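Some structures are shown below for you to check.
There are two complexes below, and they share subunit A, which is joined by subunit B in the first and by subunit C in the second.
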Partner chain A sequence: MNEIIQTTVGGLTLGAQYALMALGFSLAFGILRVINFAHGALYVVGGYVAYFVTGQIGLPYVFGVMAAVLATAAIGYLFELFIIERRIDDHLATIVLTLGLSLIGGAAMLGLFGPQAVRFPPVVSGTLQLGGVYIPYGRILVIVVAAFAIAAVYLLLYKTQMGGALRALTDDREMAIAMGMRPKVLFPLAFAIAAGLAGLTGALVTPQFSLAPFVGEHVLMISFLAVILGGLGSLPGAVIASVLVGLVESFVGVYVGGSWAPLILFTGILVLLVIRPTGILGHRTVNA
Partner chain B sequence: MAEATELLRSEGLTVRYGGIEALRGIDIYVNSGETVVVVGANGAGKSSLMKAVIGMVPVAGGSLVFEGQNITSTSTAKRAKMGIRISPEGRRVFANLTIEANMLAGGYTMSTKERAASMEWLFDTFPMLADRRNAKAGTLSGGQQQMVAIARALTARPKLLLLDEPFLGLSPVAIAETSNAIRVVQEQGMAVLISEQMARPALKLASRGYVLRSGSLRRSGAVAEIRELALSEDYL
Partner chain C sequence: MHTSQKGGTLLLAGSLILTLAACGADAESESSGGGGGSGDCVLTLGTLGPLTGPAADFGLSMEAATKFVAWEANQNGGLQVGDQTCTVEVSSYDTGYTSAGAATGATEFASQGIKFVVGPLGATELTGMKPVAARYDMLLDANGFGREALEEEYPLVFHLGPGPFVWSGPIIEEAKKHFDFETAKVIATNDESGDDIAIINEEKFAEAGIDVTRETYQRGTQDFAPIVARLMRGNPDVIDFASSPAVDAGTMMKQLRQAGYDGVFARLGGESTAEILRVAGEENVQDFFYYAPVDHDAEEIVALKPDFKEATGMEATGISLGWIPGARTLLESIEEAGTIDDTEAVAEVMRENDLSDPTLGQGVWTGEEQFGVNQEMSWPFFMGLIKDGAEPTFTELSAD
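The block that comes next holds the complex of A and B.
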């Protein structure tokens, strides 16, 4: 019994981490219709900025996290404003452009910090023991931040004027402009938030795992899984799918063997998408 | 009633798509508070005229003046801020947004307080909007969507309301309801420019009108003067 609880808790913490990873990716896709291939690279950049501020300058971890968010948000803002915005309606172009940013990001970290994985100073250590269940504090931090970030993104999109404008621009850009909205002001901000979320995730998760120039690929893959499985552009769908992926990975790891997890996940998702092509919470576009 | 002042004037307005002229040298005007109708068959250039006024299509020649200011090359967003709103052809409500969110978006340029007051008035005046305020606009009937499109444009309390084909694809009942909504707008003193293929219900709402054919003005004047040609144009 303890083993099942421990495995479930492990799956949920993994799921929360995946949800945080996928959040910015899902936001960029949901609002800008841009498949951000640089999402993993921004995660890595966030990790390195936090490492630089904490491990090399020696400031407290919280400053490292803040610096990571600001740096990646700034990259996202400038990248959207000067590069993506010109080609926003050309899906192939935005894929190639974000892929380019991804390669530049990885290469820049390689040049600056070398190919070896860097060692973070211990930032959040220790393990919470509840009955027979163990949860590292680092993971708890990720869960708490993930919950806050998801709530913040939800409130931004559904309870603020800026969020309403962003959703209107997504629905019908030309009509939204005819009501006075300015995509050239709002879209860079939205992309900055999405990029900042990637940086935040990198700053929180890489100290618990590993940090090397190309560890972002795994994050990009998880984000893709969550967004496709959850239904393209659906934030709640992405969160549910992330938790589901985390649980499957955790249970397969304990009861079947960790090496089988990716195969079982990908096969399962393929079957699910054949049965339900729109994903868990996706819906077909209604043509009025 | 105050003396009528000129709100909108176009001179020699020309719109081209590629090499094709959709509008050729159109001269029209709309005074503040009056309702003007533009009738014409499909492809006559009615929608091009409406889009040119709001700025959704670029003007190839001629000029547009709104409240004495030349807006020919003013951005769409700026024109919206100056007080022009459109309920476009095909309604184009924000399908994934609720009725309320559609109206909030319509009042984007206003202060929160002004917008809340404007929306409250709309909810009181058109109870359907209040009853279904949390319904996604994409799930509504054509007539209801037309109401949302008009309400979305009205939230900002525009000086000039453009209604592009408001009756297109609507049932007779929905046409009557939309007409009533337009009359409420007129009572508020807003100027309305309607483009409509269905001349009969549109002419009932206006005091003046223009008949458009193949991108050129065929006739202009009081409704009584253009009625005969307008109705014959309806069946071309």
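The block that comes next holds the complex of A and C.
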């Protein structure tokens, strides 16, 4: 019984972490309709900024996390304002541009910090033991932050004027502009928030695992998966999909074997998308 | 409107150029052969392996060993090949630790006119590279613990050994003197580079009377929580990470300790202890035994390390030190054969080399028993031991 509880808890913590990873990616797609291939690279940049501030300069971890969020948000803001915004309606161009940013970010980290993993130990160490169930405190921190981040993004989008304006611009840009909304102010802000979330995730998660220039690829893949499975642009869908992916990975990993997890996971997703092509909470778009 | 479109096109073109530049950052070419330098000729050695990614420690260590041996030859006035004095240069290629990457690397070397290659070092890389290298008559001074590392149909492939087939058993027997263990789990990636070593280790644990099972995982995994939970089922006394990339092994160790595992770790695969300790944190690697190609405390090794740092800018790792005699043997053979083009002539001379190395001592030719091809250069091997978090110690072992 302990094993089932441990596996479930493991799956939920994995899912919460995936949700945090996918949140910024989903936000960029949901608001700007930009598939941000630089999401993984921004995660890595966030990790390295936090590492530099704490490990190299010696400031407390919380400053490292804040610096990671600010640095990646600034990159996102400037990138959207000066580059993405000019090609915002050309989906292919935005894919290539974000892919370019991803490669530049990866190469920059490689040049600055080298190809090998750096020592970035978790600041929050220790493990909570409940009977036979072990939950590292670092993961609990990720869950708490993920919950706050999800709530904050939800409130921003659905309970603020800015969120309303962003959603209006997404639905009908020309009409929203005619109503006085300013995409050149709002879109860079939205992209900055999405990039900042990637940086936050990198600063929080990389100390739990490892930090090297290549670790963003997996984050990008998981984020893409959660967004597709959850329904394009649906934040609640991305969260549900992340938890589902975490649980499947956990149960298959423990009871069937690590090598089988990707096969079973992707087969399940394939079947689900055949049955429900819009994803878990996605909606079919009907052109007038 | 026209200006805006033009600006956008320029941005897109600029991004593409940057993208392509970033892609090319992996491949680093120092020389494509030909003239230059202080000697009469230039010998460019190719070296290829994972220079980025979770297994970068393997590739960077091997690359550094090649650079060191080239530096050493140049410091001694260059390589005397016939009546020419050759400067030795190195051209590197990042394979990404894949079969396709190694095959592409071989083609890249062929386009540079490179005939002699130090590497690759992964079983899957070697499998992918051998046919392409054979097409261009390249001589490979390779590693890789695969079960078909050496084959009769590829006579220009030499192997730097020995592999786990030789050292796993003796290391397990030696480890039993230091740790009390009856059960073990072996974990490695679910590809050729992982399987080939893990299967041998599993057999050697079983031969030593240990109740052992083998687990696999997908290369590229970053969060090992489910794998860790599975590894902990049955609470094995030892967990062996075989040839898992150093970053993966370190991350798993860290997560295993967080999950309450208090057993012994083993690493019967390519040595990357420094990288593993960096990722896992020394506090998580309290009891650990591993394959070590050299004794880091040996007088000759200690004496060599400053030169290595000066020549390569890198600290010498176990892997890099282990590669040095193989690369030296290659250069000696080129010198003796008196050619930098005829790889068959060099191979002929190399087979007769007595494998006496100034740093690692006397080696022997092996490979007949495991591969049916006696082209494996074997030097003594060691068991590295970290017990109760103390500094590592090394014990020299032999196949018998």
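Operating definition for what follows: the second predicted complex is superposed on the first by the 283 of 288 C-alpha atoms of A that agree within 3 Å, B and C clash if a C-alpha of one lies under 4 Å from a C-alpha of the other, contacts with A are read in each partner's own complex, and residues count from 1 in each chain.
Here is the rule we use: a residue touches a chain if its C-beta (ideal position, glycine included) is under 8 Å from a C-beta of that chain, and two chains touch if they have at least 3 such contacts.
This is a predicted model, so every value here is computed, not measured.
By the touch criterion defined above, A:36 reaches neither subunit B nor subunit C. In the superposed model, A:26 makes contact with neither subunit B nor subunit C. By the touch criterion defined above, A:175 lies against subunit B but remains apart from subunit C after alignment on the C-alpha atoms of chain A. By the touch criterion defined above, A:234 reaches neither subunit B nor subunit C. After overlaying the two complexes on the shared chain, residue contacts for A:167 are found with subunit B alone; subunit C is out of touch.
Counted by residues of subunit A touched, the larger count belongs to C, out of subunit B and subunit C.
Comparing which residues of subunit A touch subunit B with which touch subunit C, the overlap is empty. Taken together, the subunit A residues at the contact with subunit C in this complex read 3, 6-7, 10-11, 13-14, 17, 83, 86-87, 90, 93, 96-97, 99-101, 103-104, 106-107, 110-111, 115-119, 121, 127, 129, 134, 136, 138, 208-210, 212-215, 217-219, 249-255, 257-259, 261-262. Contact residues on subunit C toward subunit A in their complex (touch as defined above): 4, 7-8, 11-12, 15-16, 18-19, 21-23, 25, 51-54, 56-57, 60, 190, 215-218, 220-223, 225-227, 229-230, 233, 246-247, 250-251, 254-255, 258-260, 275, 278-279, 281. Subunit B makes touch with subunit A in their complex at residues 54-56, 76-77, 80-81, 85-86, 88, 90-97, 101-102, 104-106, 108-109, 112, 138-139, 142, 145, 152, 156. Looking at the complex, you find that subunit A touches subunit B at residues 161, 164-165, 167-168, 170-172, 174-182, 285-286, 288.
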